[in-house]
Amino acid sequence: MDKTLPDLATAVGGIDDGMTVMIGGFGGSGAPIELIHALIDRFVATGHPRDLVVVNNNAGNGHVGLAALIEAGMVRKLICSFPRSADPVVFTEMYLAGKIELELVPQGTLAERIRAGGAGIPAFYTPTSFGTDLAKGKPVEVFEGRSYVQERWLKADYALVKAHLGDTLGNLTYRMAARNFNPLMCMAAARTVVQVSKIVAPGSIDPEAVITPGIFVQGVVEVPDPAQEEMLNRANARYPEVAE
Amino acid sequence: MDKTLPDLATAVGGIDDGMTVMIGGFGGSGAPIELIHALIDRFVATGHPRDLVVVNNNAGNGHVGLAALIEAGMVRKLICSFPRSADPVVFTEMYLAGKIELELVPQGTLAERIRAGGAGIPAFYTPTSFGTDLAKGKPVEVFEGRSYVQERWLKADYALVKAHLGDTLGNLTYRMAARNFNPLMCMAAARTVVQVSKIVAPGSIDPEAVITPGIFVQGVVEVPDPAQEEMLNRANARYPEVAE
Amino acid sequence: MTAKLSPTQIAWRAAQDIADGAYVNLGIGFPEMVAKFQPPGRQAIFHTENGILGFGEAPAAGSEDWDLINAGKKAVTIKPGTAFFHHADSFAMVRGGHLDVAILGAYEVAENGDLANWSTGPKGVPAVGGAMDLVHGAKRVAVITDHVTKDGKPKLVQRCSLPLTGVGCVTRIYSSHAVVDIEGGRFVLREKLPHLSVDELQAMTGAAMIVPAAPADLIVPEL
Amino acid sequence: MTAKLSPTQIAWRAAQDIADGAYVNLGIGFPEMVAKFQPPGRQAIFHTENGILGFGEAPAAGSEDWDLINAGKKAVTIKPGTAFFHHADSFAMVRGGHLDVAILGAYEVAENGDLANWSTGPKGVPAVGGAMDLVHGAKRVAVITDHVTKDGKPKLVQRCSLPLTGVGCVTRIYSSHAVVDIEGGRFVLREKLPHLSVDELQAMTGAAMIVPAAPADLIVPEL
């Protein structure tokens, strides 16, 4: 019953070519940088996984984390709401060169589609995007005189998540606004692996304070001092580091 | 900006005839007994409110709280999942006598309909109740080869909620399984009034520990030692107390 | 030799199929007993609809906290690793397919997997609770039940006559006399009480069972 | 006399209409400035899409915590009464109609209330963020904008030519030259810069305005 994973490589070891992978975080906050980098390591060593469909709110920043994953050429398609950032050059160049697909989803719809995936709700109606280009091709229904767009659930093969504390049963807490999409993605993936700053014994987290109950988590790996994307980018970091 | 209400009578003073009122709790845990009794007091004194539509998971127990509200003749219709209890005599007699309507809703659908009401989702699809009597008359749609029932949001004019701590901005915590439907009902009512064991100053509740953010709450009233339905029923309590 | 298994014994048998670390929801009443019989070395994590995962046993009489109850409104306890959550999150766990097993009672189970366990007909007060969600949520839905009604009528039937809880949802039945799987719209006998002949069991069953060459013996300790 | 209001001044004007205790979402960039100009004695509660209600001002440089940011990815602070929550709960607040006001930027606003503020057309990388949710969620959706584009073309138009963010959602525009309401599918002039004639303003506006007998003066302090 202990969900502790020995290392990051093990955590991402089951991600295969073509899988849909949800990656938590909003910009840098809550982004599981170390899990992403472990996935890049595997690709550098083996050429796999590739052709991934990645779900994240953004499209990465600079040349680390999600941006590095995209830059490595591992991502076939990105599902996100806001592929802009302080330094979006990687995604922008690949998108304009036709090397990566984009499914643009309004942010609230993205969050709700992921929750729906986790909650067994195959479709729901939202006022968001009605009458806009992003509603094209989607069923519209009128309820109580107002028009709504039908949106479908979003599920993933894997979720890569960053949390703060995690116990060995997978119960999680988050740090402030680093919560964002992470708890939802835990729910929506067949397999959720989580990097936590500290793995603690069951009972160390107050039952009232658990944000993600362990049922939504398949593995936890300890990353004591996780990198923060903003700090890496201020230092002009790249991943993998370029030998020159 | 201070949402503190002076007393229970004020808290329930805006509930008018025919309104839909969500009442939190699952059985006795999380049931806002004192708010319900204040509403009964108003009815005893004024004859109003009446013809209420009440949403609760159950139908009351014994002769206090929700059971007393029903017994007083204030409830036209009950929307619930499980109108049975250790002592369901009040609802059972009135239902079998045709004096109260019942809309029976599967428990998970009830919870999700309330959340949908709070989240601006007018309808969603669920596998629950497909092929059963409770799906009769509801639209069915097939997604990825499986059949789902369309369910509609549920909203209320008022929610009566019991929480543990509340700050003056309406941020709330709950006690253990007394959480249940309460946070959802806070979201789904035009006006949510909450009885809390203690009103505290903003900042007294850790921002990570807030379960219901204040945006979902319109008023808080302090009830320092709330009655527990199970204990009232063990003492064969009635509300109002019967003078004999 | 036992004429039939007691409810406690049926619960024991059902408990033997629950893996270590499994997330399990036990229906109100009789199914709740399953929790008592986890095999040594295995620890399931129990879910209750009203918002607790990983709760513990009943507290001693007199030390109940009525904010800490299960779906049957019985007092429970917390233990290391317990988590609380609201009803929408609770049923996200159910409907979203996160539970490994749900074990429910039954009025009738049909060979097509249909279950009737919430209404005995139009009389009385109907009550459904979380059963309709559970039957479409858990990865595996099992039923524990007497093999026949008090009047001796089969509870394992061709088609349910009572209002359905769910369509084609049950995959295994632990009865007072047998363990029966549902596969391809048919009852498949897996285990039967040793003293009982296949013909005797078939006579108590409302639809033809597929019977393997040698169905295993259903052996349960005295409890 | 000011030729036109600066963005800061537009933000000031918009802030004057926010009630004490209002729940407010400010769009990324220019609208964020509105928070600075709450009238004395009033305290709005600011919501950010990424899961904070009631956050405070930016921290001093060097003391940022990058887990504590707003939707524009700028560092913020907590203050007494702050609450954290996940994205689905955050957009439940938005879509569920719990916000009192959302103040957004605009490329174009049409007299029918349509807003275009997310895409300047098929070139480049499209990005929508939370704008499409906000325009259908908040009780009141206001826009702050220059009255005309850099090329001098009207931003208040008959019909939007750019991809829409939302249909019929905007009810008030705070521009560099005027305050304009949208009512019954028409622009209604409420306030204009004192030095500006109605004809001059109309000439800068892409659709005919309804002009009351005496539109109020739009008077904003130097900031």
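So that you can tell them apart, the chains are marked A, B, C and D in the order they are listed, and the count of residues begins at 1 in each.
The criterion applied here is as follows: a contact is a pair of C-beta atoms (placed from the backbone, for glycine too) under 8 Å apart; a residue touches a chain by one contact, two chains touch by 3 or more.
Every value quoted in this text rests on a predicted model; they were computed, and no experiment measured them.
Colleague: Chains shared as neighbours by chain B and chain D?
Modeller: A chain counts here if it touches both chain B and chain D, which gives A.
Colleague: Please report how many Å separate the Cα centroid of chain B from that of chain C, as a whole number.
Modeller: 30
Colleague: From the mean C-alpha coordinate of chain C to that of chain D, what's the distance rounded to whole Å?
Modeller: Distance between chain centres, rounded to whole Å: 56 Å.
Colleague: So what's the Cα centroid distance for chain A and chain B, whole Å?
Modeller: 36
Colleague: Can you list the chain D residues in contact with two or more other chains?
Modeller: Within chain D, residues 78, 84-85, 88, 91, 94-95, 136-137 contact more than one other chain.
Colleague: Out of chain B, which residues touch more than one other chain, so two or more?
Modeller: Residue numbers touching two or more other chains: 112, 115, 119-121, 126-127, 174, 176, 207-208.
Colleague: For this structure, enumerate the chain pairs that meet the touch criterion.
Modeller: Taking the chains two at a time, the touching pairs are A-B, A-C, A-D, B-C, B-D.
Colleague: Would you mind writing out the residues of chain B in touch with chain D in their complex?
Modeller: By the definition above, chain B touches chain D via 1, 115, 117-121, 167, 169, 171, 187, 201-203, 207-208, 210, 213-216.
Colleague: Sort out for me which residues of chain B touch chain A in the complex.
Modeller: Checking each residue of chain B against chain A gives 112, 116, 119-127, 141, 143-144, 146, 148, 152, 173-174, 176, 207-209.
Colleague: Which residues, counting only chain C, touch chain B once they are in their complex?
Modeller: Listed in rising order, the residues are 48-52, 64-69, 73, 78, 84-88, 90-91, 94-95, 114, 119, 124-133, 136-137, 163-167.
Colleague: Considering only the defined contacts, which chain B positions touch chain C in the complex?
Modeller: Chain B reaches chain C through residues 26-30, 57, 59, 81-86, 88, 91-92, 95-96, 102, 104-112, 114-115, 126-134, 174-184, 211, 228-231.
Colleague: Would you pull the chain C residues touching chain A in the complex into a rising list?
Modeller: Listed in rising order, the residues are 20-21, 23, 43, 45, 47, 53-54, 78-85, 88-89, 91-99, 136-137.
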